[in-house]
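Chain naming follows the written order as A, B and C, and within any one chain the residues start at number 1.
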Amino acid sequence: MNGVVEAAGVSKWYGEVLGLNAFTASFGQGITGLVGPNGAGKSTLFKLLIGQLRSDQGNITLLGENPWNNVPLKRRLGYCPEQNQLYGWLTGQQFVEVLLRLDGMPAAKARVEATAALKVVGLSNAAHRPTRGYSRGMRQRAKLAQALAHHPEILILDEPLSGADPAGRVHILRTISDFARDGGHVLMSTHVLYEIERITNNIVLIHNGKAIAAGNIHAIRALIDEHPHAVRIDTAKPRQLAQALARMDHVVSFEFPASDTLVVRTRQPDAFYRELPQIVSDTKLEVHGLESPDDSLDAVFRYLVG
Amino acid sequence: MLVETAGLTKVFGEVRAVDDLTVKIPDGAIGLVGPNGAGKTTFLRLLLSLVRPTAGTAKVLGRDIEDGVLVRERIGYMPEHDCLIPDMTGVGLVSYMGRISGLGRDTAMSRSHDVLQFVGVEEERYRKVAEYSTGMKQKVKLAQAMVHDPELYIFDEPTTGLDPRGRTEMLDLVRTIAKSPGRNVILSSHLLPDVETICKYVVILDGGHQIAAGELSQLLAGATDRLRIDVRGDREGFARMLNEGGFDADAGPTGLHVARKPGLEAAVFETAKALGAEVRYMGKEIRSLEELFLELVARTEKRGA
Amino acid sequence: MSITLPTYSRLEIPLLGRRERLWAIIATGLRQGVRRPAAIAITVLGAAFTTITSIILLFLSFLLPAGQGTGLSFFAVPASNPFVLFFVSAMAAVIGSGLIADDIQSMAFTLYLSRPITQLDYLLAKAAILAPLVALVTILPLLLTALVAAFLGLLSWTIALEAMGISLVIGGLLTLFYTAVTLFLSSLTRRKGIAAAGVFAVNFGLTIPAGILAESIQNPSILYLSPWNDYLAIANAAFGASGAGIDWPVALAILLGVTVLAALVTYVRMKAVEVITG
């Protein structure tokens, strides 16, 4: 029981509408991506974690504590909500400062921390412009600054990249990586799967209010038996290579999508990769390229959620 | 030429949103990328003839943007923001838009059902748009852009708000349209990997100017032709063995990079066998559009600063 | 034999022209606009009520010992039917206030303008949705009243036809005025409630205070501010009656001027609107 987030049988209903349904998972060390279809329960989970909602059933703890009515815990977390409406007439600097002071920070310290946080997210130049003039990427960064400014232990980010331009996305991802590298935990939700893969291998997959999978993407992928791993091999002699590979009894099928391509499906990818160099070297068949197209978060999502 | 501009300029007060832009964009699947404030939105508005240029000219599909109505007959536009009429049904809205584009009532209705089928809206088409999920709304937005079978589609962030499955579906639809002969697509998006998988030609804007444009394959051709290898096991040892074997390998954070030479691929597997290591990926070292983009924008910033 | 799979399909038909495109907007707008129960109620009640009261007023005017000769001037009374004021306000508020405001609210405006029509086309179509409905209250009752009077022998056919002609003109003017002003107000806001309130303000907010003020300070010129009083002046003059208190040429200029100004400003603002956000 030492995950950053521990949830046991958590349920939350809004009348008839499902929020979470017996959600059970343990996760959160380092950077964790929260992934799921729209309506799966991500926002509900966030609201439970920041103490805005109380569960109808089950227990949930963050950093070992119950988030409900827990002001000291709130100080240890930084939350970045999804919606983009900031107080348009405030400047970026004022926005972060005001929220810090609402938290109880003295004014002078708030100013210093706000300036520092805005620098970390790269908004120093725009800090004294009203936020109504900010692009969407800048607003995301302003929200991130206010989440970071009080040096929390954990960041909870709801769609932090949405609407940001390419430079903004890179900057935000880097800020998140740096935060994690310095010992913080990050829980972030996004629909753009390849961006999560860039900064972490840990995910929680939510669907219909339940946690379908939690952990390392590759480990999860390896567990999905119905979809054996596909490995695409570029070779001039795909059929001869297939013959050689057929010796391995964990291989289930071959496909020849092009005259110089072989797609092998195997139940045990680790064993496959371990044995492949021997076979290639023994048969002296030329292999030009090698790729596993479905060992990705996108594939995991597709196979588990559909 | 899909789009030809000459000195196209649009000034809003003090802001030169589009500044003396002279470009020639060919037919096909075109990506339009740029930082916020680069002028992408204004450029698209100019192409749709929704704003008049301050200076310069432009032609879309051979028609001058002076005659906006003529230009818009052949364009289908999918805006980024919400824009559907909430009280109409999906099929009602799409056929309505078809009629405003000049389709007869029956043609519009028949076509409306066809495109809604194509984008994957089933019985929901008879319900009011106000009740639709985000994914459905995006599909209806796409359908209304398709109903009159335009020659040019303009997609502005088509996957906004969609969950991973919705994103995949939408991108597949865009790709199918882009591949359709005689049909052209301009895809404006911040998600550069999406642009990479769909578009063959890319236009990069910044500060109202075009800072790069060209075939994606050419823009992204690596400076040196290297092979990238993902090794599980003793990576350092792997690189060392390859170097001893006469190759030029170095182990970086994204894998091993080795300059191509004859016999390299065989040597890779020999080395793996010898070390008991696994080769998990072997392929071209291609720069990504994102790297190129960030490089170019940084260069422009430096020049301007 | 071949199989046609439902993939992306092409359309090779020449497009229909401007008239059909505008008609699509008008027809759909009329259908949508009158679909709501409130809209149906107002329209039907408005047309019926104003027609019936106009006819009653005409009969009453015959019975009164006014000392004037029979004829055209009687028609000034039904033409001054105050229920017209009420129902026009109600129609403009219920049906007209959302015509443009709803499109701004939902941002459907972008979709319209991405179609091969111009801003002017859009405005003309919207006007053509509202005007016929308003005419059901401003013109139709007068026409029917003249017909009924002629059929019952209360007026000769020549006079009745003349009355109908005049009704078309002044009713048409009132229709144009309200259409233009309502569309203008509707284009100012995304909340149609505000536009509706604006219509009521223009009507009752101007008419009633103007009337009271003019009485109390004995200066009839204030009545020019009230569109209804301007209309009354014109109607009275057109039918050869007297006693409006203000000069009809000035009133006519005011009504026409406001109509044209409202239309123009609406058009200019539409052209300047930033169509795509973000």
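The rule we apply is simple: a contact is a pair of C-beta atoms (placed from the backbone, for glycine too) under 8 Å apart; a residue touches a chain by one contact, two chains touch by 3 or more.
The structure presented is a predicted model; accordingly, all values stated were derived computationally and were not measured.
Taken together, the touching pairs link the chains end to end in a line with two free ends. Distances from each chain's CA mean to the overall CA mean are smallest for chain B.
Distance between Cα centroids is largest for the pairing of subunit B with C. Put simply, the C-alpha centre of subunit B and that of subunit C have 48 angstrom between them. Averaging C-alpha coordinates per chain places the centre of subunit A 24 Å away from that of subunit B.
Distance between chain centres (mean CA atoms), subunit A to subunit C: 58 Å. Within subunit C, contacts with two or more other chains are made by residues 278. Counting partners per residue, subunit A has 136 as the residues that reach two or more other chains. Shared interface positions of subunit B, defined as residues touching 2 or more other chains, are absent. Interface residues of subunit A facing subunit B in the complex, by the touch rule stated above, are 35-39, 135-138, 162-170, 191-194, 270, 273-274, 276-278, 280-281, 284, 286-292, 298, 301-302, 305-306.
Within the complex formed with subunit A, the residues of subunit B that make contact are 33-37, 133-135, 159-168, 190-193, 232, 265-266, 269-270, 272-273, 276-284, 290, 293-294, 297.
Touching subunit B in their complex are the following residues of subunit C: 6-11, 13, 15-17, 20-21, 24-25, 28, 32, 102-103, 106-118, 275-278. Residues 41, 44-45, 48, 50-51, 68-70, 72-73, 75, 77, 79-88, 96-97, 99-105, 107, 111, 114, 117-118, 144, 148-149, 156, 176-177, 180, 182 of subunit B are the ones touching subunit C in the complex.
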